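Per-chain residue numbering starts at 1, and chain names A, B, C and D are given in the order in which the chains are listed.
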Amino acid sequence: MTVPDDVTRLLAERFGLESGDPITVSRDRVVELGGALKEAGFTYLVYVACAHYPATDAEPDRTVAEYRVRRLPVDEVAFRVWVPTGESTPTLVPVFAGCDWQEREQFDLVGTIFAGHPDLRRIMLPEDWEGHPLRRDYDIATRHHPWR
Amino acid sequence: MSVILENPWLLGAVAGFVVINAMMVTAAWSIWFERKFAGAMQNRPGPTQVGWAGLLQPVADLLKLIQKEDIVPTNADRALFNLAPPLGMILVLAGLAVFPWAPGWVPADLDIGLLFILSISSLITIPVWMAGWASNNKYALLGGMRAAAQAVSFEVPLLLSALVPIILGGSLRLGDIVAAQADGRWFALWPPGPGSVAFVLFMLASLAEANRIPFDIPEAESELVAGITTEYVGMKFGLIYLAEYLHTAVSSLLGATLFLGGWDGPGPDGIHWLLLKSFALFAGIFWVRWTLLRYRADQFMALCWRVFVPVSLACVAVAAVWRVYA
Amino acid sequence: MIGLLQAFSALRITGLNLFRAKNTEPLPWDGGRVRPERYRTSFALVHNSDGDEACIGCKMCEKICPSQIITVVPGGRAPSPNTGKPRGTAKDFTLDVNACIHCELCVQVCPEDAIVMLRVPEVPGFSREELFLSMEKLYANEKVPASWGTGALLIGMQAEGQPKPPPPPAKAAPPPATTAGVPEATPPAPAAGGGETP
Amino acid sequence: MDPENYDPEGDLMILNLGPQHPSTHGVFRVKLWLDGEVCIKAVPYPGYLHRGVEKLCEKLSYVMITPIVDKNDYVSPFINELAINMAFEALNAVETPRRANYLRTLGAEMQRVGSHLLWLGTFGLDMGGALGGGASVFMHCFRERELILDCFELWTGSRFHYNTLTVGGNRHDVPAGFAELVRQTYTLIGQRADEYDAMLVDNAIFRARTKGVGTVDAKLAMELGVSGPILRASGIDWDLRRDRPYAAYNEVKLDVPVRYEGDCFARYEVRMAELRESIRIVLDLIDGIPEGPICALKPVKLPGAYKGKVGQAYAAVEGPRGELGTWVIADGTDKPYRCKIRPPSYHAVSLIPYLAPGNNVSDIVVTLGSLDPILGEVDR
């Protein structure tokens, strides 16, 4: 999926970012980018997805949060933000209402913390679950209550 | 024999015994009939395993219900909770006392028979509300509230439409009403107009009274789990269930008596005509039940007050005019 | 009121259905619906044309099973009692149908067509143990009518008409005895991965 | 009334609709704050069916995942398989053969009819109850749905969880006699669809229960990522099959039904129109399946038969409930590094906090039914 021209222009002029699939954006500008994209007509939120990358020599232990938005019918843009473990990324709930449940789910499963989220609780797993199962370092044998 | 017939107490006891047992058995097998009937509508065979064509299914159901543990919720109002199912049953059965089954066959020939039946069956709301309240369950409470609201509303068109045969027949005694319809002059057919409309309204209001679809909002299993019966298990549930069927049966008996000429019919008059007619109404109720969807509570209150009540009032007026001038 | 009169259209439909044929059938013991030939339920292990137990204990099914319910204990190479040629054997083979998702992958990967699925409706068991298929039960199931799918046939169907006709069709044709006993030889061949487009 | 500052003794009643409620379509809980019977606030609690499918996807190799995702949206397994395999194929830009594409399109449309039939039946149940007209609608729908399952049984050998697609193509070719059975079945269902309309739409009770109930605002729906019939019933003319054709949809004539009211009745109309449209597509397709191979890659013989190229891919298909997408990151091994499934029902269910307030319990049940959530897919 190629990035539409006006988005490429927007990225270059306003954010100084390279276009791509996905676009990588820094944490302090992700809300601004989301708002700009929404203004540009990308009002459809496709998904928010996170993935965990354990620490390597070059990078610390971190997660990536990817947002994909769409301008109907076809244009699609994905932008991602890297979040070191233990730190947080600003939430996009004020921009896209749908980020509410999406970010909650990713917080629950991957453990990415979205700062300013109105209701950052677990959504899939029980409230007292320990750990975030989709992290690469999650021990599959983690003990939990037998009825869960 | 003559001893029984001469002594009103003995006659009452014997007639009551026969009628109650006959109706209980009928109600039990009407469940079998309904399951078979609904099955046919849905292209499936219905009960087949117990007895020939599943005929013994009610017995199996009964055995199952009796065996169940009798659970009373911890915070329920124990007395009311236990009282509600038998009370509902008694009230439904009491209405049967004044039915003219055939010429001269009336267990208790009250001169206000119709009034008695209507007032007794309107009391059924009380055990329903008792069950809803005493269960200490939110779904049951909502169901009980709905039942109360529904009964208050639908009592009006029920009574008004029952007024039409009273006016036309000139009596509150059911036997007289049936006699007034002799020789095929059934109120549902003659005089044209008020009788037939009142008949439809009466059956619809009876559906609502008996909590049948499309007016079964107190139970509303897709919304309120099981409504008032949520907390009931075993034979208590069975009693509520059976009382509902009995209520439907009583409603169709009453409809046949008031509007379809009771025992009157071509050939020899007798109980067979009453049973045939009420069975047809009974099957019709099940047909409607297994076909229609359910109204929302407020929608069907509106239906009651905006449509049923004015139309039944009009029926009463027309019937009165007919009575005076024709 | 008018709305209630419209209800007659719905009453007509249910009335119509009163006279339609019954659509359900009593369950399985006296039903007798003929199942299509690909119908698949439980499992069986079969003997090959030489009369040997076809399973060579290569553990392919154990590796592919998404539910990880197959356990194979290889018995090592031994001369076949029928032909005398050495071939792999399985000492034990268990399959826990409790967790089976009936995906047919174990049938597809079997190089010897040793495991097949059954074509009869599954009979529910009364305990977990009844649904746990030991090697004896699996070989006893050989007498039950089997589903169409075997490893060779499934592979053949998928490979059919492909532009490059490499090993799989050739593999499907010869009787199992030729490739028998060399489970170690199979892995490298199909591990080519994706990326080839026709 | 303000739900935050209410007096629990006197003002509001908290009602837990679920998790074991007959009309939550699975295991789902909505906490309702009720004033009388009118809902003031609703908080859904999904997660009761969470089975860790995404975690399983990380632990299994590409070729082993297909039978697992069958169980996600347990009403339309074929489309689940299609969605995940398309994402895996996109990793390496595998092009599936033309015959496989046609078969995939055919299967997806066949499955859509089955899924909509199940929705219609349960929607009837929500309104008519298990002991009423709803049960008749339900049984009639299931009667036809069984015939669809018979078609799939003949094709794939399994009635429901087929495992018939694989990375690069299909596992099962259609057998002899399949076209005839499908033609017969879908012609019959096309005729019966009029009966469902006669049973429901011609019925004033149905119209009174659905018109103007649960109106979804298109702008909000787009922000929430709601897709499929719900979005099309709110006036957004958008369908992945037409706008971003996959499989053989670019060779199929497709009319996308759109309604503008956004209420339950509009959703009903859209789904019924889609049902008829899918029947038409199936009947069109069944005679025109091209010859050729059904799988582009070598048949699976090993767990590690397919390795995704390092990178990521997102592929989406139009499921019966909307956009069913899969976002997959590959690290060059035979297992996905991360596999997120984007289920349409999850987005649809997130509408509930917006739809429920102001309605009474009966309407909430109908609204929930009209969203057609499959909880297996919501919770994964």
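Just so it is clear, a residue touches a chain if its C-beta (ideal position, glycine included) is under 8 Å from a C-beta of that chain, and two chains touch if they have at least 3 such contacts.
Please read these numbers as outputs of a predicted model, since none were measured by experiment.
Chain centre most remote from that of chain C: B (centre = mean of CA atoms).
Here C-D and B-C were compared by C-beta pairs in contact; the pair with more is C-D. Inter-chain centre distance (chain C to chain D, centres taken as mean C-alpha positions): 28 Å. Our note on geometry: chain B versus chain C, Cα centroid distance of 57 Å, whole angstroms.
If each chain is reduced to the centroid of its CA atoms, chain A and chain D end up 25 Å from each other.
In terms of their C-alpha centroids, the spacing between chain A and chain C amounts to 42 Å.
Counting only residues that touch two or more partner chains, chain C has 4, 7, 10, 13-14, 17, 23. For chain A, the set of residues that touch two or more other chains is empty.
In chain B, the residues touching two or more other chains are 41-44, 290-292. Listing the residues of chain D that touch chain A in their complex gives 46-47, 50, 52, 54-55, 58, 219-220, 222-225, 236, 238, 243-244, 312, 314, 316, 323, 325, 327, 329, 337-338, 340, 342, 346-347, 350, 379-380.
Only residues 1, 4, 7, 10-11, 13-15, 17-18, 20-24, 26 of chain C touch chain B when the two sit together in their complex. Listed in rising order, the residues of chain B touching chain D in the complex are 38, 41-44, 138-139, 142, 145, 213-214, 216-217, 219-225, 289-299. By the touch criterion stated above, chain D contacts chain B in their complex at residues 13, 15, 21-23, 37, 124-136, 139-140, 143, 199-200, 203, 205-206, 208-209, 360-363, 365.
Within the complex formed with chain D, the chain C residues making contact are 2-4, 6-7, 9-10, 12-14, 16-17, 23, 35-40, 60, 63-66, 101-105, 108-109, 111, 117, 147-149, 154-155, 157-163, 166, 168, 186-187, 189-198.
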